[in-house]
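Structures given as structure tokens follow.
Consider the two complexes below, in which chain A is the common component and chain B and chain C are the respective partners.
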Partner chain A sequence: MSDTLAIENPSLEDPKIFQFHQEQAGLEVDWFKQAQQAAWARYLELPLPVRTNEKWRFANLSRLRDTGRFQPAGGELSQVTVDRIVKASHRFKEVAGRIILADETLAAPVELDPELGKKGIIFTTLTDAIVKYPELVQKYFMQQSPELGSEKFEALHVAMLRNGVFLHVPDNVEVDRPFVIYNWTVRDKGAIFPHTLFVAGKHAKATLIEFQESASPGTEHLVVANAHLFADDGAQPNHTIVQNWNQNTLSLQLNTNNAWSDTNAKSTLINVGSAQARQEVHGKIFGSGSNVEMYALNVPTENQEFDQRTLQTHIAPNSRSDLLFKNALIGKSRTIFSGLIIVEEDAQQTDAYQTNNNLMLSEEAEANSLPGLEIKANDVKCSHGATTGRINDSELFYFLARGIPRNKAQELMVFGYFEEIVEKLDNQELADYVREVVQHKFMD
Partner chain B sequence: MSNLEIKNLNVSINGTQILKDFSLTVPKGEVHAIMGPNGTGKSTLAKALAGHEDYEITGGEVFLDGEQIVGKEPDEISRAGLFMAFQYPSEIPGVTIANFIRAALTARLEEGETFKAPAFYKELYEKMDLLKIDRSFTSRSVNEGFSGGEKKRCEILQMAMLKPGYAVLDETDSGLDIDALKVVADGVNQMRGPELGVLLITHYQRLLNYIVPDKVHVMFDGRIVQSGGPELAEKLEAEGYDWVKEAAPAGAGA
Partner chain C sequence: MSSTQDLKPDTQPDLNIERDVGNFHYDTQYEFDAGVGLTEQTIDYISDVKGEDAWVRQFRKKALKTFLDKPLPTHWASKDLENIDYEKIRYYLSKGQRPSRSWDEVPDEVKQTFERLGIPEKERAYLAGVEAQFDSEASYSNMKEDLAEQGVIFVGSTEGLKEHPELFKKWFGKVIPIGDNKFSALNSAVFSGGSFIYVPPGVKVKQPLQAYFRINAENFGQFERTLIIADEGAEVTYMEGCTAPTFETSTLHSAVVELVALKGAKIQYITVQNWSANVFNLVTKRGLAMDGAEIKWIDCNIGSRLTMKYPGVIMRGPGARGEVLSIALAHDGQHQDTGAKMIHAADHTTSNITSKSISIGQGRSTYRGIVSIPRQLKGCKNNTECDALLINTNSRTDTYPAITVRGNQSTVQHEASVSKVSAEQIFYMMQRGLPEDEAMSLAVNGFVNDLIREFPMEYSVELKRLIDLEMEGSVG
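So, the complex of A and B:
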């Protein structure tokens, strides 16, 4: 390694930040280093988003234009902090594996049930995987992109990413217990770029659950995360992200779900945290006989903004995709849902559904919904729709007439409204946890 | 003063007066039936008693065992011991019957009391068996996709679990086939006793064959115009309401 580069304030504003950060990471894998270099050049070149771009319509851009002051995370954390984080990273009685990252650094050794290791399952940090299985990682790393407007931030993510998780489940291996990731932000003004790569081989079945949290409520963060799911023929991957960064966080989550033939691929986003969360999800269906489900449960409160853009692209015939994004808006919060179903010419006999529901719990909240269809095949079943409604008065009266107080009634109705998503999580402990975080939003 | 006492109740909806100096007293332990033509204000009475905000009480008083309930919130009235079985119960997506009843019972706990789940389920299943409601219904969303008869049985199940001092049953018999009618009537009869007063709103003599009332009242144009024993229901069945209209005191009707 050359002489260590010294810079005064290692923020994203510093022209030497990339070189500095890459040297600090010290990862000597050529293809990866080159990918990062190219990404940095792309990041510098690409313009910041503008509102006139359809992909950023309704979005609040001021925060996104002011990311320079954040410092890419790195360096040692105090043992007290690490201990506290590890203790709090415990939401399941039994897991298949667990990875805890604090500011992109391992807070505890990677846990993987040795029996599963023997079956060929890889569950480790992304950097470890890049070193140990460079070709396997390269085969999937950044091979797909959401293509939904955040190209500049995607480039920043690749250039700056320090860590993440690689889960590879080989052909014909099925795991019932979940693999769990806890991703924490710690240092004030820290920026992190976590990357999740979930590869399910032929007829493999596994669940990956990712918790995104902050160690304290008062710190400020930038998070540019990616998660990419690859489902080979017959695979049944299930991926859930519980986004609960603190309320001063600007987060971007750029995801793709890629399905080949006869898969059952499910991904769910639970959103409670962040000041502003931009999420892009692109479901791409390359094979026939697949069922791709994309769900989201969002509870924005106060001044939070959740901005979600989705694509369901049917490339192969005879597959199904189902998207259901549900919001319950409180306070002055805002949501944006923009979803598009694309059915390519060859994708005959496609069934594609897209629904966005908004439950307005305050007069001041604002829900924007932009559903869309682009169908190039002629024999398809597609539907899209958005609804925006308030608590139904006669339903509310029914609760009251049974002696249930108004605030409890509202809470139960919101739970009822979300139950449709919660029951699809297929995991009792996760469902209970999600109900708990939703309930917390009502107590604030 | 163990009674439900309604005194000169005046109720308007959107400025139109529906109940006109309505007065009626149901002593605890008795079952009273109210019959009357469509649109006469029977459901209005039930909803106004339950505290629905759309039903504006412009005058009068309602006492539940001596306690004034006019002006109270609907949930307070319910917890004070008045139950209303809806003519058209709402569907509540995503909230199971078990959780719904549980929330209603939890709201009734005294300070320091805790909810006892095993005892709750035991009792819930007993009452469901009695009302011939399949146990799988506990995990179904309240009234969602229920048939008309299932909804009505679910209302009586809630009443059985909440054990109110007084119950207003608004056309609980409508939409029931003869077997379901017997089941529901049995359920109500089982609860009948010195601790319960019932106001039974119905159009049909048929229900009163199974739940024999202590008194029958005929309602017309927002007030009671005739009161008597069960034989009054038979007379209505045979002769309809025309004679009631004629017999109505001056000022009632157009």
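So, the complex of A and C:
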């Protein structure tokens, strides 16, 4: 594809890549440059993951060991491509704001409802925010880590980070319409490192929806993305990522959800794309009276591997966390769900739940489930459950008896199975889109 | 009113109430002593004393190499394993090779030990056969005559390999290969004692066969090896109990137990482990179940400093069934790291795991499990339930299951919950005049009750009493 007008980029293997990349970015903010420098040194120093590490148990490591050929994105895209991307980045009638990034570059000017700007909301690209609000960004940037095994890739992410989104909702501001990010990969063999920082002030309420897509199905990509959510006292942030990179993408998504007191923080992952997607989510609860919800809906098909690791850490007493990860496996796909609830000594009166369901729709699919608990306080309600099973024969019979063909019946039942997650999205347009995406996977 | 919230973190439950029974020790003159430390010479010494065939010696030496080469599994297991000093351990100690066949022949001090543990008494009461192991060798072994007439073999491992190689060699080290883990390799290198049992086709041993394991010497490692073969359609129940006196330094118990249930056979294996709190109890137990066979592990872990034990069943034949029932009680300074492995390797195999753990004081109980339906099998089922009860505010519990399922013809369910004794329950009972500790005991017994009902009667009575005793003083 001749999408690119840019010069040839060095690959990740090139020893000069870091210097080249930093010069290209041209960001003259000292703390940020230093953070990148330190991260690059850490990246070179840290070993690649090995299977004997519990955090990589069952994972397929061969692709992760072979990322040298990817080139961090740079240069400009052709106007035709940009126009096509902007046109496709339109899924909601009304939004509070919209940012479209193609290979980490703005494809269209940042959109933000001016009324919201007046209320003090910041919604801009991360590089813009680093320049305009260096102290505010620094306060949150990489302050938390998932701590779930991808330290090397996290370091690479920080070192190579070129863009992302910064959403800051000040205290007591509530926004109903969603903020929307469209992240596109374009160039073949391109690597991108998008970073989302979502800060909700005291009693603030906002929704951020992130779409991850590829401009064409045939290109190959490496994506190491981060998303960090900070919910101050009483905040109600809602964050959804729809991961739909093309099927030749190796993607890592390293997230943290940080909640202080009396929050209602929700994050949802919808996974349909990538050849292999590794996702880490660490929900940390620092305050009391909070309710942290983490959901995922995953439809792997063909040879896709979805490897999800989660942590729910209760540091403060009297909070609640709920995790529900649902998979429907088709073809030769594989899933790994490894979840852990940690209740620290002081976190009495914790309610923590974790559920992983695997619906097996083919003879060759493989589901691995590692639901864990580490409880150091006694006055808690904690439970986890994992089920792996198939479509209920008697329910299927009921459909068939009413003349509904087997395929259609199966599809309907899978929809019913996923509806539990879809209805938690709290946004009709998003819910419709997710249903559509899931249906698409069944038609492939 | 009182609630468990009010329990002081430093509440010190009296640990030794029941372990006292085993907490005594005699100075014993050992006829054979392999000395301290582990080298090829230790192996030669053991092999020479036992007069073993060359293949056994070779097997041991190969295992020693594997043991030395293998790293400790501390990337997932407790770092406490690093505190075992293999150079200080004595690997073989015995007073003689042949176990006594009648109670009268047993040397006095050994007799006193077992008298205190109540073996002859229990034997008289109902047991079909008893074997008692004192340090490295069986010191007493007996079986009812009618069983011998039916062809049942119940001997020590030394005798089994020597007298019946045609029966035991076929399966020895096959269910648990040398290199399965570091401690199975260690056992394979220095094993001594344990039971070899063969039950001929169709023979149903009505009463349980029983073994007692006793560590008497300080800095000693006990490495018994048990192999039970139930031929087609045979049935057998085996029970083992373990005790040791409390020494200042740590003691190592690392057994390997292999079970083979041929077509339609049933094996039930019951363990009540009450080692003293200085014992590292690192045991590998696995059964192989052929067509329609059933293997059931009943496992109670009350004592020891660190127990790592995950009884497993490989369901090799269609329709095979595996079950693990496990109760663990962890007190201050104890870590019960127990669980189960269920490997489904044929169609229509079913397995069930029920695990209940109680953590008292700063005790830590861990459930670790594997359920694997690796190939595209039909109609396999697993159901796992893990419940943990935390008594004090600083008690700890963990759950680490790993479940792998391939294909859409099988179903697996895993459920785990963590709870404490509810303040309402205790209040309700105290309101009716029960003191707090009795109320607590009753609540804990209620927690394990449905599992204890699965045990043979003698054991369930004993266990309930043990729990009562362990709970005494745990309410501050």
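Criterion: the second predicted complex is superposed on the first by the 435 of 444 C-alpha atoms of A that agree within 3 Å, B and C clash if a C-alpha of one lies under 4 Å from a C-alpha of the other, contacts with A are read in each partner's own complex, and residues count from 1 in each chain.
Everything that follows uses one rule, which is that contacts are C-beta pairs under 8 Å (C-beta built on N, C-alpha and C of every residue); 3 or more make two chains touch, one makes a residue touch a chain.
Because the structure is a prediction, the values reported are computed rather than measured.
Student: For the overlay on chain A, clash or fit between chain B and chain C?
Tutor: With chain A aligned, chain B clears chain C, so fit.
Student: Per the contact definition in the header, classify A:Glu420: touching chain B only (first), chain C only (second), both, or neither.
Tutor: A:Glu420: touches chain B, not chain C.
Student: Could you look at A:Lys408 and tell me whether it touches chain B, chain C, both or neither (first, second, both, neither)?
Tutor: first
Student: State whether A:Phe397 touches chain B only (first), chain C only (second), both chains, or neither.
Tutor: The first partner, chain B, only.
Student: Would you check which partner chain A:Ser362 touches, where first means chain B only, second means chain C only, and both and neither mean what they say?
Tutor: After superposing on A, A:Ser362 lies in contact with chain C but is clear of chain B.
Student: Thinking of the overlay built on chain A, is A:Lys381 touched by chain B (first), by chain C (second), by both, or by neither?
Tutor: The second partner, chain C, only.
Student: Taking the superposition as given, does A:Pro371 touch the first partner, chain B, the second, chain C, both, or neither?
Tutor: second
Student: Using the touch criterion from the header, give the chain among chain B and chain C with more contacted residues in chain A.
Tutor: The partner making contact with more of chain A's residues is C.
Student: Considering only the touch criterion stated at the top, classify A:Thr52 as touching first (chain B), second (chain C), both, or neither.
Tutor: Touch status of A:Thr52: second partner only.
Student: Between chain B and chain C, what minimal C-alpha to C-alpha distance in angstrom results from the superposition?
Tutor: 16
Student: Which parts of chain A are in contact with chain B and also with chain C?
Tutor: In chain A, no position sits in both the chain B and chain C interfaces.
Student: Taking the complex as given, what residues does chain C use to touch chain A?
Tutor: Interface residues on chain C, with respect to chain A: 4-5, 75-76, 376, 388, 390-420.
Student: Touching residues of chain B toward chain A in the complex: what are they?
Tutor: Result: residues 50-52, 73-75, 78-79, 84, 86, 89-95, 99-101, 103-104, 107-108, 141-142, 158, 162 of chain B touch chain A.
Student: Which positions of chain A touch chain C when the two form their complex?
Tutor: Touching chain C: residues 52-54, 57-58, 345, 348, 358, 360-391 of chain A.
Student: So in the complex, which bits of chain A are touching chain B?
Tutor: 392, 394-395, 397-406, 408-409, 412-413, 415-420
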